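Take a look at these structures.
Each of the two complexes below includes chain A, the first together with chain B, the second together with chain C.
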Partner chain A sequence: MEHHSTRPDWTQYQKDIADDHYYYARSCIRQNFFPASEQTFLRILKDELGKDILDDAHHTTCTGIGYHTDVVPLETTMTVVARNFALMTEAGYKNYVPSCITSFGLYTEILETWHHFPETLEKTREFLYKATKREFNIPENLAHTSDVIFKFRNEIAAKAKFRLINKETGKPLRIVDHIGCHYAKMFPGKGIGGAEYPYVLAGMIEAWGGQTVDYPERRHCCGFGFRQYFVKANRSYSLSASRKKFESMEPFKPDAIVNNCPGCPYFLDRWQYVTAESEGKVFGPDNKPIPVLTYEEMAGLVLGYDPWDLGLQMHQVPVEPLMDKMGIPYDASKKYLDKNGKDIGKPVIPELFKSSVHE
Partner chain B sequence: MNKRVLIIGAGIAGMEAAASLLALGNEVLLFERDEIPGGHLKDWERLFPTQRLGSEVLDFLKKGIGSNVQLIHGTTITSAEKHEGRFKVVSSGGDVWWGDAVLLATGYDLFDATKKEEYGYGIFKNVITSADLEKRLLHSKELLTAEGKKPGRIAFVHCVGSRDRKIGNVFCSKVCCVTAVKQAIEIRQLLPDCEAYCFYMDLRMYGMKFEELYNEAQEKWGVTFIRGRMSEVSENIDRSLLVKVEDTLIGRPMRMNVDMLVLMVGFVPTKTTAKLAANIGVELNENGFIKMLDEHTSSNITNVPGVFVTGTAAAPQTISTTVMDARSAAVVVNNWLNSGGKA
Partner chain C sequence: MSDYLKMLQEDVRFQEGLNACINCGTCTAICPAAEVYKYDPRILTDKLQARNEEVVEELLKSDEIWYCGECMSCKTRCPRDNVPGLLVIALRNLSQKTGLFAESEKGRQQLFLKRSIGEWILNYGYCVYAPHVTTKMFPEQGPVWDWIKDNMDEVYSRAGAKLGQDGPGCLRKIPDADLQELQSIFDVTGGTERYEQIEKVSAAKAAELNIPFDDSHSNPYFLKIYNENEKDHHEI
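What follows is the complex of A and B.
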């Protein structure tokens, strides 16, 4: 019996996603982890979809990680968020699209707080004005950037150069999705498809020819539960959380994992190196590790962008097996060259990863 | 001249109230939306705590209404209004009937288990409800998984849609705990090699013989009871189910593979009752059931003179208490009619 994405009718979880004119808020950490993903989002929005989006150099962190690790008090967090909203207001935008899931969850939480406790909103306005002399409007629309790509998934499909289909067999590739916890677990109504069976990434996968794979630990933490990793003594929890997911998805033979959170793809990618080196174990089909993508990288591959422009050489797990299945041509000799052709250095390839790369 | 009572709903409460009102000398019109009377009891194989057949109780109720109660089946009453001291009810087909009093016996709906997405009902084929299980047992003595295999382990989840603030139902449905005990015993009787587990918040064994049945389930039939609410159900590649639950007695999370999961769905007020109540001006209580004028002293009386309520339209009840409540309602309605609508 063929497994497929099992879920209730996702359309019961609808949310408004603005059509155009976005104020973009970057993630603190994504540019380090997956350096071309945010740039790829902007490229798709501007060049492929013709949308107006402001990439404002003046905005700051939302403080999300500091807030969730009890380093930054909520009042401070709300004031910092208010400053970002003030920048959006001053720039003449009303639609706020954060790249980070933690930010999206935090913005959602703050907007809900202000909605239910208007006095807190007024206090925040007062704090911001005292600190910066700035004023702000609440965004008319808040959507995560994966919501935006989901909204335009069919437009992207229409421009696709490659599809999530195995070119040898003609069958859909089997893609595991992993949704950041803060996307919908706190406010299920704010996520496409809700918290239990989110559809935001599944919708992209299906629109681009792939098949989503449901597996028992689909909702389990990726391993970046903040206290699991930021508290050094707890890091074994982080690894065991990721490992639990790998073990659970292994029987389903996934061709790739796709994510919409800053931390999830990082941990699902890097911990595969650790399990390969520490216990000689990989979890993908054909005794290979499972390539891990951000949704922007997946969209970029579908649109035919050069994989090295997408930053795929920065992944721990080689993405070449997925590109081979999709029939995407690439120049292996350029993998570790920068835009100017300069050698950026080649990492040591773990023994178990060697069959995934063309040396 | 005989007074005429319009009873809406021919489930247990409606049928028994009809029989009693008839015996008290009234003319009774009994409206039923289905083709045959009996309500949910029609779909129930065996009853707690004695495991007698549901059909035996149904036969008793049918005998009670006999041929003297006018059963108007296949008819949904959509509106009711008081006009010059009498009541006019209208069906969805536009037919009209008049009577001197209205007794609402519209019953309950089962909680829609798809609302608890974390349990996977409607998603995974081996997740079924207690009502689904009862229907299967009613029609077949063989219980197989969706893959046609004999189940080796079945788990029951109590309080699905009841005592759950998250979905807005804070009330206890009263019958689910003991139904789970009954069904777990039946599983062990039917499939002696199949393990049966009940996951409960707490066990409300308040009725006569309920506690004995719970003890028997453990001592004679080896049913395992684990206190803890299930957090998540997911499907393994072989279509068995991985359940996650916290055992709150030992304070540890646990994971278990089961072949089938049975969700003990509770009662919820019917939407059609709410519409009819709004139409006639009858108030609902905070849980959406029909509001009793006084829970202690006027439990069958609504805020609208001449409109009465019985059975699970007012609150979750067992079959035994529904039958008693129906008889009580019949007396209350009869007294009201005999007093010229003043009681």
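What follows is the complex of A and C.
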């Protein structure tokens, strides 16, 4: 049980997180847009914390984005989820840790549905056996991967090479956290701190020396909206939501935004490019955009991992201003090289982002 | 008139999503969709609790049920445990089952979503697959994505991924046997039937509207539903 506050009203938002032997379920979005974050998670779990975690080649998408764009029916999604649970069961694991927040929310919703409507569980078992001849056990413990990093935040802090502290001023860096909607808005009791007082990322920020910014639109959606982003005709929905958040956080001069959902950092990163190019507007201090991180990237920086091993070159918004403030040394000339050091060209840097990088 | 309410009531999401709405409007105040669309989750919920078949049929044919982003912020905040987001999911499900989704501009977009996300799931085992993401379709990806696309193997390899390779890892090639199991699950559970229904109804609507339609991602109907809004969906 994770205890993280003396506030009595938070006791209902503390959760059990298994401490070892995890079955890892990868995220569609994180694999595509932040692939190094998943490698970093496994590196931290295995190399820093000495944990047992299975990286299984055979699991698939949970269909979550298909479900929330309404093209995949509930019965299909439940059975695909059940197949992933069957793979966990067959491998001898009981603790399921998905990398994706949409998955985490969907797994939670499905487990609740099976509990309250047991006939849907029986039907799912029939479907899965008919389709694959597989059988499954329900996980004993379901936790998002950010829950696991939260659980071990103090162990990570003890190994920290750098802290979320401005090396010039000695003051904590101001970090905006953004929690994926499906982490706790559907089932607040399943998320650390619930939906109103999210603590899963704030706990990491504080443990690693930083300061959380509780800005007005902290809980507003990033604007994914599933079909509202994927279909170009709907996409202004997505930009509008992210922009609302940027405007709300701007007065607090955030040094970075950190996310636990794979999709949110994509939107908060890419829509800053769009506001810079379309209206000449950036929202960070010093007339720069705000660096956007996954929690694995933040942990990796704290642990002193090479920023290009962390995949920070795949971001549109440069992360260098944050690394400069933390005092992290890096070789800018290696940012866009391949793994053998070969020159593979560079992306064009948007005009308003040029002051963030050392060329 | 079909028995829409009976069909909705069979959906656990409808059962869980509709209790007694007191029309307080908290859901609307917190809703990202209500900020930008002609959409009000309070009104949608109130329409459903009136339990009028004609009203439900109008909803199934309308753009109104396609504005929600399924963020589920409404679930957290409703003081009476209603969940407009779950009601929307149930309505969209029924709208596709009955074929009425093609009667609205936003509903017709389901064809794009089926032919992208829906097919990526079965073809690759992922909801999204980077080799198919371009800055033409997603210009907000910016110049960094053009660089990534031009050097896909090198960039993903540098990031520790296994793009298209065998064995475990990021963006690995999911084995054919696993993809066959996915297909089998879709066949057994109604997923394949849903995909076929979206194709069949969309083809009929394209013929009715006299817009060229084929299996490609470049036919005029497909491009129209992806790119265009004929109606004003925003001004109240």
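Just so we're on the same page, the second predicted complex is superposed on the first by the 346 of 359 C-alpha atoms of A that agree within 3 Å, B and C clash if a C-alpha of one lies under 4 Å from a C-alpha of the other, contacts with A are read in each partner's own complex, and residues count from 1 in each chain.
Just so it is clear, contacts are C-beta pairs under 8 Å (C-beta built on N, C-alpha and C of every residue); 3 or more make two chains touch, one makes a residue touch a chain.
All values derive from a computational prediction rather than experimental measurement.
Looking at the shared chain after the overlay, A:Ser236 reaches chain C, while chain B stays out of its contact range. Look at A:Arg163: by the touch rule set out above, it reaches neither chain B nor chain C.
Look at A:Asp70: by the touch rule set out above, it reaches chain C but stays clear of chain B. After overlaying the two complexes on the shared chain, residue contacts for A:Phe252 are found with chain B alone; chain C is out of touch. When the two structures are aligned on the shared chain, A:His144 is found in touch with neither chain B nor chain C. Touch counts on chain A: comparing chain C and chain B, the chain ahead is C.
Of the two partner chains, chain B is the only one that A:Tyr197 touches; chain C does not reach it. When the two complexes are overlaid on their common chain A, residue A:Glu217 makes contact with chain B while staying clear of chain C.
Common to the chain B-facing and chain C-facing surfaces of chain A are residues 195-196, 219. Within the complex formed with chain C, the chain A residues making contact are 26, 28-29, 31-33, 35-36, 38-39, 55-61, 63-66, 68-76, 78-80, 83, 105, 113, 116-117, 120, 127-128, 130-132, 134, 181-182, 184-186, 188, 195-196, 219-221, 223-228, 230-237, 239-241, 244, 270-271, 273-274, 277, 308-309, 311, 313-316, 336-339, 342, 344-350.
Within the complex formed with chain B, the chain A residues making contact are 1, 3, 6-8, 194-197, 214-219, 251-252. Interface residues of chain B, counted against chain A in their complex, comprise 114, 117-118, 120, 122-124, 147, 232, 234-237, 239, 242. Contact residues on chain C toward chain A in their complex (touch as defined above): 11-13, 16, 32-33, 35-37, 66-73, 75-76, 89, 92-93, 96, 106, 109-110, 112-114, 116-118, 121, 125-130, 133, 137-138, 140-148, 150-151, 154-161, 166-172, 174-175, 178-179, 181-182, 184-191, 194-195, 198, 225-229.
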